[in-house]
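Below, each structure is written out as structure tokens.
The two complexes that follow have chain A in common; it is paired with chain B in the first and with chain C in the second.
Our next item is the complex of A and B:
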């Protein structure tokens, strides 16, 4: 910041021999020349398309011809009301996908944050040799192709795959991961004998909201969804570990030593010295996680396509499927704008929290 | 004594998680060289028995794998070159050059960065359709060159460099373009390498864009071809050595790059994250 200000005041004295206009001309021209290609690409392939899609979300365009010539029927906000107020398949699918994604977020965000923090704490121990190697090992999954990794996990969780083989070593009969649509909460309630999976309590099953019964709302993530949750926690923890590591390296050594002399044990030191230092990064990691978990798509496309029984359907995948498989581009676009607003709200919360920190 | 047990515990945790994070890759490599029956019968074993390379033969004979690799290389080279060139130009202009509308352009870059990729599926399809480049190489490549994060990273970098050297060059009478080309760019090497790696990794692994931009199998890149292979034509539950082998081959370029340029990957991860 000081650099910039310094430059601003000094430069005119040095390079402007004949008044402002003469130097501004060529510099302004060069500025526009330099920025134009990137700006045009961004406007053409991000900003303009968003506006076009906003229009299409108000039509029932089916992919034939152009949606901008007036031949696509204008339906107003119908595509949006179908998602929220009209009882029907569209609303049921949409809220099923929201439910699935909610459970996904609730599990992935805390798990990946805690795992990343643990990995960073261990990989930051100065006494341990080979830290660099392990750091690289933890981070490697993050840089590989999501599609290629999904293929590997398809094999790991296959019926006769690695995970079930490991479970078999402990005498556990692993489930048929990708075809098991039973929800975790349902399974637990059934396991402790509170309810019967085949005959859910009428109080829950007969009433509901947004096209789903209360029984469906409380299902928890399905067994199939758990494979995707595992995969994502496994691939993203490495990235967040790096952020924690960068912050850990800023913890003043003097402070740690002082607390050692004061006789603080490991846990007290972590609570009193390390954790306060990590608070800003923790916020960042949590909110980045919150934003990215609403965007899960690649893994769903490769591993489950929304199956079994729609329990891995997410809003992102549903919008894709509605538009490109059912050729209902208007509804698909409407779903993506609802998803957009969810993410915008989360981003705004992130910005607000970070401003608190800086101020 | 306490220190010793602490150290031991530290190593135990490191090794455990090391296994958790690397074992799937070892399994992948081993299973690619197994027979179908062996892979299904011994999913934990790291030793193929018998050792079998026929799945790789089938990858090249019975799938469009060579074509996917060709398309991926083309897309990656053009997108990486385009991003590095345009992002550094724009980043420099936003950091150093004063021109009317600069604030507006930068605000646009920030706004675009906040737009999540998944909500762009339908928008991108619409614009490609309207421009008549849906299902073409142009549609596959051009939208990927648009990269707000890269512009932002380069702007941050140029702002962190003292302007003295370029100013000296300018006082000596060099124009903006000359100064940029022969003074600024050579200084920006570390940032350019980071950007190159981010762009390479991003475009080589890019999947969703290929789903909305093309539909002809001749235009499939590796991730798209691989996804099709797994969820489509060959069905589920079979041919694991073949699928794992194909996924392995798709992973190798980024893995090699990762081993060589690890610290640039780390830098890229941290810079991409603090963009907010």
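Our next item is the complex of A and C:
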């Protein structure tokens, strides 16, 4: 993009010399020389493995010997069609994981963004005493190992753990967090008496798409998944708070004062001055959030391994399990590439939604 | 735009060259069958990878390996694995597997079907001495591949204090499903949870065996999940769950049944002989007795779990590896292992000696005669995980539907 723009601003009367022997020639060569180490490292450790994985996803390699000799049978796009068109366990598991992750993303991304923004606004108050303390405290979960935090949450949400003990003080009989596979939407529908959990409406239960019934699709995140959602929102909002904080401190004081003179109240100032300034950071936070939530793995691996009843299965974990537990490396790689395209598409959509609208 | 493309061409060439160069480097781990099967001569240096149950096992194995090494003039490096399945998977993929390693019966068919294992069993002395059920577990397409190192079976553990509290005596130990239901009701009437039952096929499957069913036929070629026998078993377990006579460990806030049992939350549980060591370590004060599982409509039934000594088909020192396994599976050596970390010898000839040392294990040893091994077929891992998911919801769902689903998925896995 920058290249194009540069060229656009160049004066038309300057003839740009081309090819070898140009003034810019040695410069370009020097440029390549400077980026060569980074480019080689990227090619070797990112591009090459990606291409290798792409090849593996087109084979039915079982993990014996190298997949790059003739011995790994080439199966074309079979691994991909198994995920989408063949009625079987592979497709069912994959779409169960997509459903779980979808609910996870839909809850985690807005929650962590809003929470991070609120924390940043609080930590940015000039009048607040002990600002540094709060900043450090909010940021602390982000720099702690996710495995350690996951284990702490396992204790917190144990059936006789702290959370249920606190709920018990209010006379609430807390759920069995990690063994409760009931979906939130199902529970709500059941609670208001619309449906019966044990006998779901036939219209929903008997029809469906991609191997899951409509009833399964609308389940919402399971109670077990909610604990993981809580954990992730709590841990990552610190990181994003820091980004918002940096952006907030960049908002020109003069602008704020100008709006004050114009008679804007607190909310108007936030809405019309602060928020527009935060747009690039907002985009960054949402994109990073979207990518990391679709790739959630370590919390699942430590806390639930996809249980209960597959309601915390995610594509990343499923890919790992398919490859390293079932020796079906081809399918595992295929799942990861589908996951990759989901992320790319969603990021593009989000970019389009957040584009600057003029006029 | 065109100009830009032209300028980028060199980059593409460089990148492509880099890729090819590194791909060529990668050919270092390519297959070369000639060198792969060539055997090294002279003193061997064996790599042994195993999944350890704890320090006791690691230490016992290291000592046994050192003794073998000094007696034969070879070298043996014993490495406990962090995650055996994954480490083995990587080693096979890199074409550099350890010479000898543990193979869980659950994973056995996966390894055997891809040709990772050397079928060496016929070179081990007195193979028929191993329990028939265990040999069956390591037979793939009619061929015995490896020999079991030890085994476990499920039995019924009873907490003697809670048992007495419920007004029950030694004569009340259930031997049939009906009796199990009856005593469970008596225990429940006293406000005690009667039975902790693991929510997987590895526990509930025992009921299927007692009812005369199982997931596949004996040689793992046909799905036999959707049968009246299996249905009867699941319906029975469901009735236990629904009436509060049995509970899954998670409902009891325990990681596994043994923990719930050790904490004194339940009067009975169904676990294997590993529960001895676990209770001794974590709950030394609990008093309990061990009995054979109650018989179902088709007689006694239990499940066996076992691990064999696998030898890699690509090992360059197979002779030494076989000699090592021979030494490790000798009767006396197995008794030494039994003493060190509480496993049961896989050779029938030493079962009497074992029982003389551990008379309380009678129920576990008896189970070997009528035990069913794990499903012995490749590509069943995700199918069985799916079945476990169904079993987790057994209390509220239709057993027939669970079995139909298992049948469909098993057929797909076995046919494919």
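Keep in mind that, in the parts below, the second predicted complex is superposed on the first by the 298 of 359 C-alpha atoms of A that agree within 3 Å, B and C clash if a C-alpha of one lies under 4 Å from a C-alpha of the other, contacts with A are read in each partner's own complex, and residues count from 1 in each chain.
As a working rule, a residue touches a chain if its C-beta (ideal position, glycine included) is under 8 Å from a C-beta of that chain, and two chains touch if they have at least 3 such contacts.
If you're wondering where the values come from, they're calculated on a predicted model, not measured in any experiment.
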{"item": "Chain B versus chain C as contact partner of A:89, first or second or both or neither", "value": "second"}
{"item": "Chain B versus chain C, judged by how many residues of chain A each one touches", "value": "B"}
{"item": "Touched partner set for A:44, first chain B, second chain C, both or neither", "value": "both"}
{"item": "Which superposed partner A:158 touches (first chain B, second chain C, both, neither)", "value": "both"}
{"item": "Touching partner for A:56 - first (chain B), second (chain C), both, neither", "value": "first"}
{"item": "Partner chain(s) touched by A:145 [first = chain B, second = chain C, both, neither]", "value": "first"}
{"item": "First (chain B), second (chain C), both or neither touched by A:349", "value": "neither"}
{"item": "Which superposed partner A:32 touches (first chain B, second chain C, both, neither)", "value": "both"}
{"item": "Contacts of A:188 with chain B and chain C, given as first, second, both or neither", "value": "neither"}
{"item": "Chain B versus chain C as contact partner of A:272, first or second or both or neither", "value": "neither"}
{"item": "Common interface residues of chain A - those touching chain B in one complex and chain C in the other", "value": "3, 28, 32, 39, 43-44, 47-48, 66-68, 158-160, 178, 324, 329"}
{"item": "Sites on chain A touched by chain C in the complex", "value": "3, 18, 28, 32, 39-40, 43-44, 47-48, 51, 62-69, 71, 88-90, 93, 158-160, 176, 178-179, 181, 198, 307-310, 321-322, 324-329"}
{"item": "In the complex, chain B residues that touch chain A", "value": "3, 7, 10-11, 13-14, 17-18, 20-22, 24-25, 27-28, 31, 39-41, 43-44, 86-87, 89-90, 92-94, 97-102, 105, 108-109, 111-112, 114-127, 129-130, 142-143, 145-148, 151, 159, 162-163, 167, 170-171, 175-177, 180, 201, 204-205, 207-208, 211-212, 222-223, 226-227, 230-231, 236-237, 240, 243-244, 246-248, 250-251, 254-255, 258, 262, 265-266, 269-270, 273-274, 276"}
{"item": "Contacting residues of chain A [partner chain B, same complex]", "value": "3-4, 7, 11, 14-15, 24, 26-32, 34-35, 37-39, 41-50, 52-53, 56, 66-68, 118-119, 122-123, 125, 127-128, 130-131, 134, 136-156, 158-162, 164-166, 178, 234, 238-239, 242-243, 246, 284, 288, 291, 294-295, 297-298, 301-302, 305, 316, 319-320, 323-324, 329, 332-333, 336-337, 339-340, 343-344, 347, 350-351, 354"}
{"item": "Chain C residues within the chain A interface of the complex", "value": "3-4, 7, 10-11, 14-15, 18-19, 22-23, 26-27, 29-31, 85-86, 89, 92-93, 95, 110, 114-116, 248, 250-251, 253, 379, 381-383, 386, 389, 392-393, 396, 409, 412-413"}
